[in-house]
């Protein structure tokens, strides 16, 4: 087996950072594909505190669903097929995340489309399709339908349930999760003020060209990695405040 | 008297966990019936910090209202008849909880019905009746009317006051409290967006079948038990963030 | 001079508890009249951290405005005439509080009347008049007009500014501040849901009879006194969460 | 070079205090001009935790954009031209701040004008123009247009992006940032209640005369400087709660 130590660390860090943001909660999970292999590194399922997940807690699954490594005392996520299915269908997406992010979920519940309303949400301009089914994803058929809804996109709404995000890297997925949720929150809040004025197609294209890049992904990741270290030192679960 | 040590611990833990979630506040209380007996274990009343309640602080009442054990320095809840009445009327409900949960109370104030809008709120499909009286429950007649409003249900709104929840176990009641409040919050927030699209009857039935089970109740309980331990270590009252 | 040590402690505690609730902020202040005297004990003005105020930081003013004791390094509140005026006009009101409570202030900004919408807000049934002037209270004329607006009431809105509360005791004032703000928050939130259904006059009278009493005032005070002690131990300013 | 040690400290403190308020986030920055020189002291760019910025982390730029000092391991803000441009155009504005303040940004997204609705927002009576472009400010032309939008004002909205504030001192800028955001939040919240009633021109003029002064700026600065010191002692990033 390839030396995937660094990738296991990154899977755990992604899980903790989303946990500290309050986006993943009890029921979310994240995965990274080991490049050039059929191995998927997957964070543990419900019952594990997401802000404490470490490399030793990471599952290794084969793309066919075989559990290659099962950390002691951890449960495989009930919805693990989300990950194997999307990794099979989207070899470009090295990272797949399933969140119960409050505001993104809220827009789904309310039947509202996610559209970019501020500069860091510009990447949403390619659209966020909706998987219109609140049930858990536990069958091959459900996973396949969800993956088809996602298509070649960055994110898919799961009505009455949550959201899935696909990224070319852990850092890309983290960026998309962070700003999808912030954009959703701004859309929610703007509704009380008569609604948001979305970015125009030209504005969104220019903003995304400027900020949806590996350079920005790395900056954001490092920024939150430091917050993660500080929260660890304080012994607390919640992420220190201050988003963008 | 049967050895109810573990049940007293569980009563106290239930009280602390709801306290750390901000759902029980100064005026709520929780009870467990000791199976096969007429004994009710009841958390202390107003004045006690709910996040610090321990097994030694638990009252023991008989179903007829006699106080069998009165922890030193604690007050019996003014509304203790809520518990004895519902335990008499609902032998299946081993746990009864009275909350001042902010969003559930808000829906009552606004005359809005609780309906399931996301997967973990699916259990609300059986309906949440309303007890239309904001007064404290201190008389037998009030307790009887409240209990009749609850009927065989899982929860009952108390307009301008709070909510009561009945569960087949402490874990079931905790699950119902947690997701009743989260569902209420999502309904509240969705209102700004034009309202929520509720789960269909078929969706709600399928989701409840999948997640309203002792397996899920235990998972959620363990998840929050760990948060409770961490908050204790930090010496803080508030629950670390991150719900579902 | 009478031994007012305990009253100075109580003035400081009232200030800290409101500070930890986030209701008094930088610009609020609280006072207690020493019964049977013309002395007013007053918390320090802007610049002092309200969550750290101690008995040694309390000003003593005469009802005529003379500063009898001026703690070193503290500033007398710019709006001290609020206190001397209302204490002169309302000998029954041993405690006067000026808050910048977010939701109460918000209702004033929006031209909305405070009406009781839940059991602990029942005391608002006697009405909360509005002082329709956002300017600082620095002149005798302004203070007199404000006091006339308050009249024999428990609270007065100050549009675009804040609120004043008068209580028969520190505990009464603290109760009124706490639940005036919670009622205001519930009114604000209910607006998104189509508005609150207020308590009926009979409901409000019954609820206020049951909970607007020295017994309840003392319970709430003790409940928050303990939170204050715990926040002190943790060295933090914010109040631990969980209101009612 | 003049001894600007105290100014570097002040730049760092301004950055930290806005960071702890949650207004500056990952992407904001602040600058002070060294009086009588062409030097601009500038906080570091994205990637640096704003709540930890110290004097040693401050960049020195010349008004022509030359980087005179580049702290090791820090990145110059991508939008540094905001600062050099406005400092050139506004020699009276010794402090320039770029924020991603949530509520001010929200009003921009919603196309809502900032108008004073409470006493400490009275300074907004001179108007907050809108720069209607969500793109990063990286070119001379963009910076010049932004500066022209600001004109001789105190603040300018940047739609879908954030806000810029200009102050005659660090303290003035901090006051304007703090209460611009609080006013924006009040406007946002009032919208659910049917909208805010703005201060009349006479009210706003009187309130601004009373509270928009160096005396008030210093008070607010000292108040938050103390909160900053306490947060440091606790080792936490978030500002202790309690605003005005």
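In this document, chain identifiers A, B, C and D correspond to the written order of the chains, with residue numbering beginning at 1 in each.
Going forward, contacts are C-beta pairs under 8 Å (C-beta built on N, C-alpha and C of every residue); 3 or more make two chains touch, one makes a residue touch a chain.
Computed from a prediction, not measured in an experiment: that's the story for all the values here.
The chains that touch subunit C as well as subunit D do not exist here; no chain meets both. Ranking every chain by how far its Cα centroid lies from the centroid of subunit C, the top place goes to A.
The two sequence copies subunit A and subunit D touch through a face in which the numbers common to both fall below half of the numbers used overall. Inter-chain spacing, taken between the CA centroids of subunit A and subunit C, is 45 Å. Subunit B has its Cα centroid 32 Å from the Cα centroid of subunit A.
Residue positions of subunit B touching 2 or more other chains: 192. The full set of touching chain pairs reads A-B, A-D, B-C, C-D.
For subunit A in complex with subunit D, the touching residues are 117-119, 122, 186, 189-190, 192-197, 199, 203, 206-207, 210-211, 219-220, 222-223, 226-227, 230, 233-234, 240-244.
Considering their complex, residues 19, 22, 24-27, 46-47, 49-51, 100, 105-107, 109-112, 133-136, 138, 159-161, 188, 191-192, 235-239 of subunit D touch subunit A.
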